[in-house]
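Contents: one structure, followed by commentary.
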Amino acid sequence: MTTATDTISAGHHEAESHGGSYLDRKGVLSWIFTLDHKRIGLMYLGAVSLFFLIAGLLAVAVRYELMTAAPDLVDGNTYNKLFTLHGAIMVFLVIIPSIPASLGNFVLPLMLGAKDVAFPRLNLLSLWIYFFGASFMVYSILDKGLDTGWTFYTPYSTSTSTAVISATTGAFILGFSSILTGLNFIVTIHKMRAPGVTWTRLPLFLWAIYSTSVIQVLATPVLAITLLLLIIERTLGIGIFDPAMGGDPVLFQHFFWFYSHPAVYIMILPGFGVISELVTVHSRKHIFGYKAIALSSLAIAIISFLVWGHHMFVSGQSELASAIFSFLTFAVAVPTAIKVFSWVATLYKGSIHYNTPMCYALVFLFLFTIGGLTGIFLGTLSTDVHLHDTYFVVAHFHYVMMGGTLIAFVGGLFHWWPKMTGKMYSEFAGKLSALLVFIGFNLTFFPQFIMGSQGMPRRYHEYLPQYQTYHLWSSIGSFVLAAGLFIAGGALFFSLFGSRKAEKNPWGGISLEWETTTPPHEHNFHGQPAVNCGPYDFPEIDHTQEKAHA
Amino acid sequence: MLAKLQAFYEKYGPDYVKEVLAGEHDPYGNHISALPVYYAIYGALLILTVLTVAVSYADLGPLSLPVAMLVAIIKASLVVGYFMHLKYDTPFNVLVFFGSLVFLAIFFVFVMVDLNSRGTLVAEQENFSIHRAQDPAEVKPAFVTPKNSDHGGGAHGDKKDGH
Amino acid sequence: MSTSSHAPAAHGHDAHGHGEHPKFLAHHFYTPEQQLTSAKLGMWLFLAQEILFFGGVFMAYIALRFFYPGTFLAAHEHLNKLAGAANTIILLTSSLTMALAVRAAQVGNKKSLINNLIWTILFACAFMVIKYFEYSAKFEHGYLPGKYYHGHGIEGAPHVFFGLYFTMTGLHGLHVLIGIGVLAWVLIRASKDEFGPQFYAPVENVGLYWHLVDLIWIFLFPLLYLVR
Amino acid sequence: MNTFLLNAVIAQAAGGANETTWMPVQASTVAADTDWAFYFIYWLCIFFFVLIMAAMGYFMFAYKASPGRKTSPVKGHHGLEIFWSVIPSLLLLGIFWVGFKDWMTLNVPPEDSLEIRVTGKKWSWSYAYPRFGLAGENTLVVPQGQNVKLIMSSQDVLHSFYIPAFRVKRDVIPNRYTVLWFNATKTGKFQVFCTEYCGQDHSRMLSSVVVKTPEEFQDWVDNGGGDPLDPDYGKPQPPVVVGEKAYVQACAACHSVDGTPRVGPSFKGLFGKTEEFADGSSVQVDDNYLRQSIMEPNAKIVKGFAPAMPSFKGQLKDAQVDGLIEYIKTLK
């Protein structure tokens, strides 16, 4: 679909680019010591995709083992290592950096009209801290593996002999990469906006990244201190968390979840930002309720710090604290609901183009709504007693994490791929992958809801035969889902070697990143771009009706 | 911007030292306090330190923690306000500093709400008393310390032994 | 057009490098004002992160003191109050000299800047020396952290108190060491006459970091050493 | 000794009446309320989900792109936005209340409940009945229709005691007690899972709750407990085995079987030996002497031992006394 890109919409002046793109400088050193946010974004994208492949294969191995009730593929310990490493790699290495570090790094300065992020060297430092931390995680995979679950609950994590220290050191270091990226983005959004880019003209992707960065800066340090105390606990036995030495395991859970619940919002908020962009650009319509969505991102960021106790209703936490946490959990559900309603309302009277990013956005809306609604069961006190730590929880967080963030990440990738690489992917392969991912995902995780409420506990290596059929369907679904994701990856990867050149503005987006050349040259813009209209004032919008509506 | 810089440089000259710049602003608008302000703050901090130590020797009983914390907060606010110039800084920086304190307070308050109210509804779920039930029927508050194996556990532990 | 590459500041979050003209302005900033305010905002965010990082340790203190009130009161008698008070005064003085150094940079007084930086580093080293003596005294009494504790005469769970004591003061000491490193780096750049009224962001940021380290000790000292 | 999967399957098949697609059988008093709350939220979510997806589906169909198509300039609608913020908030408050009111009943065990101590250790559960002085592994036997309060603790890592049929779950912590209560309404066998990850055999840390009618439960207590799911439970056991069990339960504390005297003389080689008594008399040990020293221990005190033995009259059944004597005969 190509809109008339030559009619640069009012308000932007952008001399036609001369000079090459940011990809022109060759040589490994130009990549290792680059200060260019676009290259750093690409390197993050490569690393995140690689770890997504590894953790995804671990997931398929887990599902393959669970096809049969009996423990026939691997023994107990290996299975525990499989699901733990699947969880740890997905959380720390894939889903937290995925959208902010790769898409965010690439698109944020472009959307702001800035030459680069506020602290380019700090950006490079974050990338290297990420690689350094990732090396610890890889070492712990190869060393003795990790079998504590990604949550590292004591006293199991202080008594097991597997590679807990190297994995926690890895997560500790990765935390700093996340903090410094968040810090960088907050300062960039505050200080480096081009003239005319006021707070109300900021694309919603930037509001989402801004809220995510606030959580990253305020929550990740508590994870850092938790892991540091866990390492000291294992080495010196100081007795803060380990009951054998006088500590309290529930105190560890408080420390851990104080970070980890805001962390799930670090994961989903950038996904919201991507969906706000996709839904508006591809239905050629202004977002429905800009202020509501922008402020709900910030509201989620703040309220997310008040609700961590709903992970601990049955873990020995006091009944009063559980009741307070349950009440506040419902407060955080409201802004999320507002967002979903607003996205659906954006489709009203639009002109919807069914290209791959839009397909993924619609898949997101379907899956994330299920994920969000099932969260209510787990936030309610009495039902959570029955459902906690069963496959109902596994299905819930996969619907919001996988169905939410990963689908938004892939959708965002398809959306900005032409701008990033200058190459166009094949629409057919993209849409086929969206369809397969949709079918595979529901087939994998919906049976887990039923199995979970029937009492099937999570992290089980062998299970009672009555859950056999659910597991069978779930495993088949996971293979379909894996196929879909491979096709999506293939479509993007092989487009690099394909001949299809991408136009300057394939989707007709009017936020600033579409104003520069494709792929953008090293310093993004020639001179200082200026903006005098909102990010969603598309040419197709019929302002004549405005009198009628005003 | 640069013109202002040149003017500032000519006016004060490179080896400018003693000039009292109370209330003067540098070209960026950052506040420069006068030298006596620094020494006054330093003096106040020393006095407060001496006060804290003195308070700890005078046995105030339950009041000693709040008083010590109050003095520490006053000292901290002096350092933050004057030495770190937060008093004259942009509002967003002030928001960032106090915002982090607010989230810290959230963490403290919710965890202490949990720790305090653990035994309220069901007595057995008493907070933190070391009960290691080797023999299910009988409970002895064994607590493993490396060397001295006398019974540990907080005040709750002493009062409460097995049924 | 590329900026002369400077070793990124230990925390790398303040402005760096010298752009084309004027020389202290990095290429991606449009005005020196933008560069300085960005650097300061970045530093304050970094301080917010540090506050929450140490907040976790203070949370552990509060929780464990709630679990073991008796032990905490008994065990903290064995800490050397004099050394603690001396360290507090040393850190406050180093905070003063740091603030004076930042002021000297703002007014372009290079001699006073260098003197104050040297004084700050000296006080920081004095702090570490006192800490070394404190720690060695504790090791002799066998008050080691966690399972290595073999002291006598303190009932309850003294190893928890000393585990926490060494964690908190060790973490703080580590931050003092980082501070000394960063101060030395700023001292070197100051001696190369890089700072003046038009460019003093690194000095200011290191000053903010150092005041935070002092701030944490202001709370650590009463909680560990004094509170009855 | 873990319950093997196979025999669990046979017993579990007796699912029972009101098992729905989403929820297992309701076998405790709180189950009905939890299921009501579950289905209340369930239908509310179905309603909203269908509403949103229908709207999305219609918009997707009706507003497909076509060349030159103009789109509406609407940027928001305050009334609608307020509407869809307030309504979900009120509904969510209602849902919170539904969850909260059951939370209290779920958490506060009634006063008169039968206390049972549960101990979780790496990969098996063990139970103790302080009121009856019974202990058992792997199967929790409870009376029907009576409040049962489990006081639980762990010996190593975190575990979690979960009975899906009763809708109850509570983590088990090494340094503290946690309590869980239920009132079983249906008899039969119900599966118990460990739901807090605890290492290698976390998925084998299964156990079962057997609910008996009060009369059956009393019989079970009377003949010394034991694991009803054990294949050889209830069949008449040879006296020697009954005797050995009784020895472990009642005598092991003071009498050894390897010859070393403790509070009381050792049982090794006791039968047929001539025992000398404090008052100088002596008798050859036979069935009557053993029975008498069990029933009235202070009648004849063996020389050099204190009269510290309590009488077991009424505590040990005849089968257990006979078994004990047979068992002592085997100790040469």
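A, B, C and D are the chain letters, set down in written order, and residue numbers restart from 1 in every chain.
Just so we're on the same page, a contact is a pair of C-beta atoms (placed from the backbone, for glycine too) under 8 Å apart; a residue touches a chain by one contact, two chains touch by 3 or more.
Everything quoted here is computed from the prediction, not taken from an experiment.
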item: A-B compared against B-C, more contacting pairs; value: B-C
item: Approximate Å spacing (C-alpha centroids) for the pair chain C, chain D; value: 54
item: Centre distance in Å when chain A and chain C are each reduced to the mean of their C-alpha atoms; value: 34
item: Centroid distance [mean C-alpha coordinates] between chain C and chain B, Å; value: 14
item: Of all residues in chain A, the ones touching two or more other chains; value: 190, 218, 222, 243-248, 250-251, 316, 319
item: Overlap residues in chain D, where contacts from two or more other chains coincide; value: 107, 174-176, 178
item: Where chain B touches two or more other chains at once, by residue number; value: 92, 99-100, 103, 107, 111, 115-116, 121, 125, 127-128, 130, 143, 145, 152
item: Interchain contacts (touch definition) - all pairs; value: A-B, A-C, A-D, B-C, B-D
item: Chain B contact footprint on chain C (complex, rising order); value: 22, 31-33, 36-37, 40-41, 44-45, 47-49, 51-52, 55-56, 58-59, 62-63, 66-71, 81, 85, 88-89, 92-93, 95-96, 98-100, 103, 106-109, 111-112, 147-150, 152, 155-157, 159, 197-198, 204, 207-208, 211, 214-215, 218-219, 221-223, 225-228
item: Residue ranges of chain B touching chain D (in the complex, touch as defined); value: 121-122, 124-137, 163
item: For the chain D and chain B complex, residues of the former touching the latter; value: 107-109, 117-119, 126-128, 130, 133, 135, 151, 153, 155, 174-179
item: Residues of chain C defined as touching chain A within the complex; value: 8, 12-13, 16-17, 26-28, 30, 34, 37-38, 41-42, 45-46, 48-50, 52-57, 59-60, 63-64, 67-68, 145-148, 157, 159-160, 163-164, 166-167, 171
item: Chain B contact footprint on chain A (complex, rising order); value: 190, 218, 222, 243-246, 248, 250-251, 254, 258, 305-306, 308-309, 316-321, 324-325
